[in-house]
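You will see chain A twice below: alongside chain B first, and alongside chain C after that.
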Partner chain A sequence: MSERASLLLTLADDELIVGWRDSEWTGIAPTLEEDVAFSSIAQNEIGHARALYELAAADLGTDADALAFDREPSEYACAPLVELRLLDDWAMTIARRYLYEQADQVRISALVSSSDPELAGLAAKIDREEVYHRLHAELWAERLAGEPRFRSAVEELWPYALGVVAPEQRDELARRVGLPLPSNSLLQGHARGTHTDELEPLWTEMTEVRRSIPGAQW
Partner chain B sequence: MKVYEVFRRERKGQPFEHAGSIEAPDAAFADTWAREQYGRRGESDALWLVPRESIHEITEWADEFDLKYRRVDGYSIKARLKEARERASVAAPDAG
Partner chain C sequence: MTAGQVWAAIDEIPDPEIPVISLVDLGVIRDVAVDGNVVRIELTPTFLGCPAVDAMRRALEETVAALGAEAEVAVVHDDSWSTDSITPAGREKLRAAGFAPPAPRAAGETTLVQLRSKAFRCPYCGSTATRLENIFGPTPCRSIRWCADCRQPFEQFKTI
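Here is the complex of A and B:
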């Protein structure tokens, strides 16, 4: 697989799985207004995944649905951060949203200046929508900043968040979030390439309908 | 929580119309939530968020003296206008 295709899959898998996890809040978010906003953000992330899969699919001679749903769980390239099932802990959920958006901004802004025009164009398009996701996440992070539960959630997820970006982008992420880099062994345990036990049940549910009639035209 | 009334403009040059409301703890949350609820499908070109308590509402109307002569109900403007137009065309100088 080309370097470009594998980078696209990395981004697409993160967006698909984080969108899927966030969509678990639909109908049960703390207020109705937040329910609508959070579900809409989840849907945007899945929309970004679709665009990224389409670009990867053209390189790999397949289609976006096959990439999203027809691979084995071990073949997904997502970071452990997005796999965690955080229902019904709002502090952990907002901590992940906040950390994910910070990490995503670091890598997306690096891609905007990519010499690959397709990649740079898509990154710019995604970033325009992420502005609102960041506003939303930062607003909540600010509101919960004084809550011990939120602070410990951010600390707990911090090593996971570093697994979202490339090793050379970790310093920038640490500066942005204002937290120190943890030990290498802690970083290794949450790095991309490893999967949590929570991915497989998610995958089973996510691909359930598609697997029920293999090869069907929907 | 505070209620913000949301007014939506579909396109530039059109009037803002009441779209609904948002219940939010402060203006910043109202901003974020209103974007998602009233603008995420590109259906709005602009939004106005107004705290409900800032709205001065009028629902009581005093009409103690039954001043019907101030109203125009029953007064046929259409017929008067027609007459006036006819008069004007008769009075107009011959263009030919």
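Here is the complex of A and C:
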């Protein structure tokens, strides 16, 4: 697989899985406004995944749905951060949104200046929309800043967040978030390429309808 | 057939989610080129998560077919669309239908301070005594604000 296709799948898998996890709050978020916000953020993230898969699919001679749903769980390139099922823990959920958006901004803004015009154009379009995800996360991080539960959630997820960006981008992410880099062994344990036990149950549910009638036109 | 005739025909196609505004006024039609019996149209979505893109594509294909030509619609995912692409006529149609049109793009990205500012005008009564209720709304392109004067929520087109 080309370096470009592999990069696109990394980004697309992160966006699809984080969108899936965010969508788990639809209907049960703590307030109606957050129900709307999480549903909309999830729709955006999955929309980004679709555009990224389409670009990868053109390179790989397949289609976006096949990339999103027809691979085995072990073939997904998503970072462990997005796989975690954080349902019913709002502090952890907001900590992930905050850290994921910070990490995503580091890598997407690097891609905006890519010499590949298709990648750069798509990254710039994605970044326009992510501004609103960052504002939402910023609002919540500000509101929960004094809460011990939120602070410990951010610290717990911090090594995972570093697994979202490339190794050379870790220092920049640490500067933005204002936390020190953890030990190498902790970084390795949460790096991209490893998967948590929580991906497979998600995959089973996410692909269930598609697997029920292979090749069906919906 | 000329590109001008195609533009005139597609000018009436409404946005599937906000039908008061046309695709042309929304600024999502990037290019129209006529090559014999084939009309090539470049369409770019407002938001990538927009589920209306397929409906837009079908509407374009049907309109071109009614002109007796064949449409090739390419969906372009680049950075060419922003809310500044909405035409002045389109902005007025949005406002008249109760959607506050997007604020012009400032240099740099939108900040919380801007979203919390009072520069946003209620589309019903014109008051600027409005506040942000939710950055997100019924579709990815809209936020929810509240007007303290006429005491109604309203939808604000996001600036992107």
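The working rule: the second predicted complex is superposed on the first by the 218 of 218 C-alpha atoms of A that agree within 3 Å, B and C clash if a C-alpha of one lies under 4 Å from a C-alpha of the other, contacts with A are read in each partner's own complex, and residues count from 1 in each chain.
Convention: a contact is a pair of C-beta atoms (placed from the backbone, for glycine too) under 8 Å apart; a residue touches a chain by one contact, two chains touch by 3 or more.
Note that the structure is predicted; figures quoted are calculated from it, not measured.
A.B. asks: Return fit or clash for chain B versus chain C, each positioned on chain A through the superposition.
C.D. replies: After superposition on chain A, which the two structures share, chain B runs into chain C.
A.B. asks: A:40 contacts which: chain B (first), chain C (second), both, neither?
C.D. replies: both
A.B. asks: Name the contact category of A:139: first (chain B only), second (chain C only), both, or neither.
C.D. replies: both
A.B. asks: In the superposed arrangement, does chain B or chain C reach more residues of chain A?
C.D. replies: Tallying touched residues of chain A, the top partner is C.
A.B. asks: Could you say whether A:126 touches chain B, chain C, both of them, or neither, answering first, second, both or neither?
C.D. replies: After superposing on A, A:126 lies in contact with chain C but is clear of chain B.
A.B. asks: For A:89, select first, second, both or neither according to whether it touches chain B, chain C, the two together, or no partner.
C.D. replies: So A:89 meets neither chain B nor chain C here.
A.B. asks: Out of 40-48, 58-66 or 76-84, where does chain B collide with chain C after the chain A superposition?
C.D. replies: 40-48
A.B. asks: Intersection of chain A residues contacting chain B with those contacting chain C?
C.D. replies: In chain A, positions 33, 36-37, 40-41, 132, 135-136, 139 sit in both the chain B and chain C interfaces.
A.B. asks: Write out the stretch or stretches of chain A touching chain C in their complex.
C.D. replies: Checking each residue of chain A against chain C gives 33, 36-37, 39-41, 43-48, 50-51, 54-55, 117-118, 121-122, 124-126, 128-129, 131-132, 135-136, 138-139.
A.B. asks: Chain A touches which residues of chain B in the complex?
C.D. replies: That would be residues 1, 22-25, 28-29, 31-33, 35-37, 40 of chain B.
A.B. asks: Can you check the complex and tell me which residues of chain A touch chain B?
C.D. replies: Where chain A meets chain B, its residues are 31-34, 36-37, 40-41, 132, 135-136, 139, 143.
A.B. asks: Which of the residues in chain C end up touching chain A in this complex?
C.D. replies: For this pair, the touching residues of chain C are 47-51, 77-82, 109-112, 115, 133-140, 144, 158, 160.
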